[in-house]
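What follows is chain A paired twice: with chain B in the first complex and chain C in the second.
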Partner chain A sequence: MQDQEIKEIVLKYVISEYVEDDDQEVTYDTPLISGGIVDSFSMVSLKRFLENKYKISIPDEKASPEAFDSVTKIVKLVKEFI
Partner chain B sequence: MAYFGNYDDHVRQFSWSIAEKELEYQEGKPFNIGWHCSDRICARGQGGKTALIWEGLGGHEKRYTYNDLRIRSNVVGAFLQSLGIAPEDRVCLFMDKIPELYIGCVGILKTGAIAQPLFSAFGDESLFVRLENAGTSAIITQRKHVSKVRKIIDRLPNLKHIIIVDYDGKKPLQEREVAFDMDQSPAVESFDAHPTTRESPSVLHYTSGTTGLPKGVKHVHYSLISQYLTTKWVLDIHDDDIYWCTADPGWVTGTSYGIIGPFSMGATQCVMDVGFSAEAWYRFIEKQRITVWYSAPTAIRSLMKAGDEIVRKFDLSCLRHLASVGEPLNPEAVIWSEKVFGKMFHDTYWQTETGSIMISNYPGMKIKPGSMGKPFPGITATILDTRSCEPIPEPGRIGLIGLKPGWPSMMRTYWKNEATYQGKFKNGWYLPGDRARIDSDGYFWFVGRDDDVINTGGHLVSPFEVESALLEHQSVAESAVVSKPDEVNMEVVKAFVALKPGFNADQDLELDIMNFIRKKLSPLAMPQEIEFVSGLPKTRSGKIMRRILHAKEWGEEIGDTSTLENDE
Partner chain C sequence: MGYSDAIRSVYQAQIQEIREAGLLKQERFIHSPQAADIEVEFPSGASVKKAINMCANNYLGLSSHPDVVKAAHAGLDSRGYGMSSVRFICGTQDIHRELEAKMTEFLGTEDTILFPSCMDANCGVFEAVLTNQDVMISDRLVHASIIDGIRLCSAIHDTFKHSNMEHLEEKLQLHADKRLKVVITDGVFSMDGDTALLDRMADLCDKYDAMLFIDESHSSGFIGKTGRGTHEKYGIMGRVDIITTTFGKALGGASGGCVSGRREIVEMCRQKARPYLFSNTIAPVVVSGVLKVLEILSGSTERRDKLENNTAYWRKGLMEAGFVLKEGDTPIVPVMLFNAKLAQDVSRDLFDLGIYAVGFFFPVVPKGQARIRTQISAGHDIHHLDKALDAFIKVGRKYEILGKTKNEIIERYGS
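Our next item is the complex of A and B:
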């Protein structure tokens, strides 16, 4: 699967599930955790989405706030396990 | 030198009049927290001192002096009055940790209205039940959160004003919405704080219980006496300190010790409105030269998880005093903090209902890692027998924590729920709902909750509230919600769910239910795990036996199952 395809899927999911303000622009590099869009509790559901979608298992020690801090970083993490 | 000296001397000589004198409190005379947090500091010649340093994403910074705090809170107060907000009206603060939240709270208090802070991550249903119960007149919020208010406004006839602090004019305002720019509004130099007195209501905080809807904890202006003195003695904030309370004012710590306590002392405090990362936190401490840091065990454990190496990348030598609150601080975290910061975290114990710190470790007092410490001077705390509610004289035995009522910041009632409030007292003791023991040196040691309430990351979640919300998901026939152990958050929410016919118990459905709860209630309430079951353990009368599920999760003895209907 191409990086770009994963990026688009993850970005679409993040916008639909976690962004409350319709006007808020979210790009591949928008800070998600440090930007307050996804908090540490919600990160669990985002991780679960990635695991379900790509039939992977992301170890908890790899699921750090830093690794989830943007769509680009998430895609990099996902690629490690596909 | 610490404000707090010898513990036993303080206990022996203690009187709340110490704080009353320092705050110039006079019986029967006006006493207003908002005025004390701003005008009084300016009146004593500290108007030019920095009150608030706020940092947002990308290092964007705003600073407010005490004179700014005075003028801007006047602006908030005058604006609310122009909308017709009257004393004792409830005004909700529903914002991220932006300056308008901190200064807005002070402004609300000046008008005599009741500040009702709510965690901005709450979903629309959590928001609704709290606004409806309080009969809230106005809500101050941000563009990013207004969609949640719009979803529920038709069910809230009392909510007359939705005040948006960052309106950009791009889309038209909707029914009952009004734009308000705190920083750009003309300065209001003079504003007469409402002459609230000792028992005038000040803050309404919502907390979760095992059963029923969230309860509104009513505090009064006189609570400042406790909040001021505990800030001074426990947090040990001096005139030249830079203080950082990491709690969100949507919860009581963020209000009592993130707004009222530090501002009433004239302290300089910092706020970082950026999501958690170890690097961001350490960078913030280094950059702002923070000296006093009040945080929570979940955050501390998250920092521990990030490792020691990252600590060494920053100069954190500015840190002078560390304290923690929200859940028991494990001994490993205390020992770790001494290793990496050269300072131990001082655990403190209290809750929404108590309004201020009840039991604590104090500057200069020997810390026993893992212990809650000793009662604050003026607080009579004991361990009660779980059945008789009589004090247990001998040390070491586990029982219920009991607090003798009468301290200034004790809640005055649960909003429109006096019966539940009265139920919190037994034999003349207030019962916070926690179990503990006292050792032979008089130190308290936390054991656990005495009910089913889940403490996740220092926030209480009602299993009843989550179960009720789960039933609104189209697939859920019945559910039971318990805590499960978690390395970082101490506990997290776990749901056992029995599905309606026609639904498949698969991972996608699990995620769908998780997100449903996250958006409806809050991320904290979202089950981190859902176990699909064919049925739930019940008594013969049909009551779900949560304790059996809880015991399984925690690897404990299941105990008496004689009333069990089935053994699934």
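Our next item is the complex of A and C:
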């Protein structure tokens, strides 16, 4: 699967799941956790979404706030396990 | 002494930062019992001033009810002041079990366990009944005490958008493989005054084999036809697995809380919930007062009916005056001002006119959603509400916000 395709799927999920303010712009490199868009609690649904979508298992120690801090970083993490 | 000047300066800088951000909370000293008419010293050192209280959780006006005060006195005389023990050593009296039985009956559940506060109930319950094989799925606007309880629990945690049932269903599907699932919500949301869509939530919980948890702190005693709570309003009594609630609001307003629900869940709390195991329970004097409150409420719906009428009168008056309100039908009626400074200015001007209503702003509510949260009580009479309305209109005129939309207010004052 191409990086770009995964990027688009993850970005679409992040926007529909976490962004409730229509004026907020989120790009592939927008800081998600350090930028306050995704709180550390809500990372769970993102992790489970990725695992279900790509039939992978991301170990808890790899699912750090740093690794989930942007769509680009998330895609890099996912690629390690596909 | 390890508290050096350097350490002191760390805290001084932090406090200064809070002050400069305009977020420093200051207490107002009340020199009278809690009631519709109170005597307030504010700011500290100012002369005491009479005011109408429009922001207490004293929904049923029972905080200083003579029968409740009398029952508390009798309890003090017959059962003493304190227990000097946690429940399971030698801190349980007959009246503690009596109150647990009465709450079970009142809420329509299987069993109840008392906690020192509802904050403690919420902090203790999840850890006591869930493990890391389980999931907690909470509304994104649940109370801070629930969030703290969730943080203390090893089960995974996910959220759904506020009152969005489609989103909740997606989350129940996402976590279908977990051993136990608990859907968590407030019955009445304390900042906005709206109610959870409990009938639909109960149906979803049935469909996906999940338990339903509700915090009824802003509901117990007055929501529903006989005041049993949000589960009565939505016709799902007996279908809620875990209810937490407080005695610190409508039910006498002193202190204490409980977990009420399925028998096994209550027993697990008795065995494992840390605030129950490691802290004294509610003092006998308070237990005696709450027992009287339940007796009053079980005998008549007069107070919750008066509260309902007062709420409708107040909401209609504010609407007709042209304020922007949060929609709802509970006694929590937020007057939206959007800007934090405007909320503080309006609160101060209201106090000058003898109306005590506090401004709420970030971080208590999201940025750009500052407000005066008014709370109606059965202790209010129409003359209280008329006087408060008159003051709100005077202040509303001063700031030229009457009849203005949200966008017009934000355009003028910022968000």
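Throughout what follows, the second predicted complex is superposed on the first by the 82 of 82 C-alpha atoms of A that agree within 3 Å, B and C clash if a C-alpha of one lies under 4 Å from a C-alpha of the other, contacts with A are read in each partner's own complex, and residues count from 1 in each chain.
Criterion: a contact is a pair of C-beta atoms (placed from the backbone, for glycine too) under 8 Å apart; a residue touches a chain by one contact, two chains touch by 3 or more.
If you're wondering where the values come from, they're calculated on a predicted model, not measured in any experiment.
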*Looking at the overlay, what does A:E20 touch: chain B (first), chain C (second), both, or neither?*
both
*Pick one for A:D3: touches chain B only (first), chain C only (second), both, or neither.*
neither
*Given the superposition on chain A, which partner contacts more residues in chain A: chain B or chain C?*
B
*Of the two partner chains, chain B (first) and chain C (second), which one does A:E80 touch, if any: first, second, both, or neither?*
neither
*asked:* Quick check on the superposed pair: does A:D29 touch chain B, chain C, both, or neither? Answer first, second, both or neither.
replied: neither
*asked:* For A:E66 in the superposed arrangement: first (chain B), second (chain C), both or neither?
replied: first
*Looking at chain A, which of its residues have contacts with both chain B and chain C?*
20, 41-42, 44-45, 48-49, 52
*Residues of chain A defined as touching chain B within the complex*: 17, 20-24, 31-42, 44-45, 48-49, 51-52, 64-66, 69
*Going by the contact rule at the top, pick out the chain C residues touching chain A in the complex.*
150, 156-159, 161, 171, 174-175
*Can you check the complex and tell me which residues of chain B touch chain A?*
57, 96, 121, 143-145, 147-148, 168, 170-171, 273-277, 279-280, 302, 306, 456-457, 507-508, 510-511, 514-515, 518, 523-524, 526, 528
_chain C partner contacts - residues on chain A that touch it in the complex_ = 20, 41-42, 44-45, 48-49, 52
